[in-house]
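Working notes, beginning with the structure itself.
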């Protein structure tokens, strides 16, 4: 059976690959959405933190002989700490100003990080091996999926659900949500709001770095690997609805699939399709697919 | 009395001033000014820094040092600039260099948009530009100039190197993974033509946007095409990601990838494990013979990396330019241009190389195969020579060129 | 918004007029490039600073101007001045369309709609056969101005560019200080009130979008003529980001702050070359320092400092008067 001249088996394969890509988008846009929700800034350095995650993993493996699983745990933590230091030292000074200044500061950070890594490691990138355990393939009947890609889907989705659970179902998440809506009142209840904000930035950035480590074995580890990612990720967050955690996750997956099919039917347009979707969504549903309409 | 003295001084000094240009020209015997200045316009901070960048500047400096630091008694100076991969930035820097900093020749010119823009300025200003690290064939066709030399390689040599050799080797059904840029599409068209001429067949193509990270979808499309050869018409990170995805999805052992513009640096970056068996056309490889090894060793000591073909081309073309100045006895651009086209190029980079009237430097190209990790004996031992493509076959026949300097019609 | 001291403006103008006479000191083509970005940033600030609307897609207008002018002048032999004019008009029409769609939302959503539409414009120019994709639309002839002045001379072109940019800046200044500008400010401060006062707010916004886009387009057209090329990076979202950066660095609360910001960014790009690969890092650090220290932009911060000093000297003088009265 064919659809538009393409066998349905092949389409199922493309659907699967779309979900793999969507998993990256989901983790990345989740982090960006959390940061935007609490700090009210567009973290323009999100792609750079993604790159930083991949590079940290590479450095840990190369110079300290760390195995993949260690890097998967350590690299996001290290990057999160770096992000928290950045928030504490610099970003914090811009709260209360037009959010566009936060965008500018994080954009400057991108220049410093990407430029610095290019000086240190060159522009053409580094090889990163797939962990031995995840080499090989999985026969799904309609396609042969590399085992590692399957692992990406599973781990990304688990992480997304865990994050969602913490924010929506635990007391830590409750105070976070409270701080988002009424910072002063939350402070009055004895909750240390600035520390909560720092922590949030760390979590958001850590998620980006986690996606970076996940990407390292399949995408090429190089200083500009995250540079065009941030506007796509932000589009995903906006389509999902600003402030909606679940919206970011679901939209991430969905757009991965949409982009995947575009690669089959009109490949040239595949990096632009997300923007077409965004215009349509914003004009038809102003608050995004999952966002609450505000008065 | 004081008044007359000052008047006299004034007259004398203005005479000196007006003679200034002339007298210095006489001092340096036919040189337009007292210095030969070479500008290296390259990508110092972007995605091509490994392909050209600071190492390209070093290559040019080495040529100047090896030449002796001066020509016809006039010192040679090397300056460098960053075009940021923006054609306008490149054009503006070139214009400023030619206009007000007395630059006589601009070298390297990675990024074909920049190269075309600078070639236009060079033509207008009647100064030299030598393109080493970009492939646009327009430089020796519609946009040719007596002052522009396209030195190391071009899209035609890539297509007729890798493409032709593989078809002749029996790979006659092709599927292309092409970057949706003028460069990629042009390369795909050239190779397709070669394939069809040799009786092969192009079964399809997927055109992906620049900087695509995930090639899995394209890997499946390539697999489904059933083509024997997967032509990769992109370069840098795109090509690397494509090659990785083909390997990951098990496309590679059954269908062979042919990377149409792969740099030595890309192989370092891919690692031999993934890159083994790839075929690539490069005009230069550091380990080809004693001469290339000698140069490369010196280059390595200066830069910490082995030279790629563009960097070797930067050295060789600078040397050729200086030789032409020496032979012409002047740095006058027209005279030097004539000498450059007259003198043969014989060094570690090219033997019997010559520059055609349209600016194309014709020299042999080489098809290489990437060694497997087991075959690789020592550091940077990456490539094995498959065959040599004579310059006359590799480059566009002169009668096909649309260059206005030729009488082709 | 205090006007700059007139002596300062006169000095600046004199310096600009003198540029072509000091080629050893400063290169006129570099100043022309900077002037194009000055116009671009000031036009952009009509929206950001004066209407409170962030557009993240202004490269679409800049690039449309550049490509339209390039195509007209190169392929159809249209006179240069007409090409520039049509480039600006084309960008203004595009601006009206983008504006009409974007103003249906506000804040970050509006910014994202402009970004998305500009990405579609980018895609169009990438695919359109006449643009030459990444090679760019090359060798656009400079032509003559009004059929008299040969623009191949840098000096002649310089004065033409200076004149057009000056006229553009004057238009921006007039707009901001006109009744129209006051309504824009009212919209920025409190949109519902402006609506309730009976202003056709939507029409005003579309109009200012078109004006801002048109002037941005002229900036792009001029750049295409100066460099004789139009390239993809003119429509790339990086350029949209650059103009935001210039405006913020200079100060979005001022009329000519963005001009200073544009000059600052161009200068950094131009004179940091000797630092080689470090240029990106250094630029990033300078931007960081600027954001953290000059939060209202360079001009905004300076004029505030001036104001504070003026009011404190004023206070000192009046206290002096009081004491002298007491003495009597």
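Order of writing sets the labels: A, B and C. Residues in every chain begin at 1.
The definition used in the following text is that contacts are C-beta pairs under 8 Å (C-beta built on N, C-alpha and C of every residue); 3 or more make two chains touch, one makes a residue touch a chain.
Only a predicted model underlies this, so the values are computations on that prediction, with no experimental measurement involved.
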Pairwise touch network: line, ring, star, complete, or other: complete
Most widely separated chain from chain A, with each centre as the mean of CA atoms: B
Approximate Å spacing (C-alpha centroids) for the pair chain B, chain C: 37
Mean-CA-position distance for chain B and chain A (Å): 38
CA centroid of chain A to CA centroid of chain C, Å: 33
Residues of chain B touching at least two other chains: 45, 49, 53, 180
Interface hub residues of chain A, defined as touching at least two other chains: 115, 118, 268, 272
Interface hub residues of chain C, defined as touching at least two other chains: 277-280
Residues of chain A touching chain B in the complex: 7, 10, 13-14, 17-18, 20-21, 115, 118, 122-127, 129-130, 137, 143-144, 146, 148-149, 215, 218-220, 222, 224-225, 228, 260, 263-264, 267-268, 270-272
Residues of chain B that touch chain C when the two form their complex: 44-45, 49, 53-54, 80-82, 84-89, 91-93, 95-96, 99-100, 112-113, 116-117, 120, 136, 138, 143, 180-183, 185, 210
Residues on chain C engaged by chain A in the complex (per definition of touch): 54, 101, 104-105, 108-109, 112-113, 115-117, 119-120, 122-123, 127, 237, 241, 244-245, 248, 277-281, 283-285, 287-288, 291-292, 295
For the chain B and chain A complex, residues of the former touching the latter: 45-51, 53, 180, 206-209, 211-214, 216-218, 220-221, 224, 236-237, 240-241, 244-245, 248-250, 263, 265-266, 268-271, 273-274
Residues of chain A that touch chain C when the two form their complex: 42, 90, 93-94, 97, 99-101, 103-105, 107-112, 114-116, 118-119, 231, 234-235, 238, 242, 268-269, 272, 275-276, 278-279, 282-283, 286
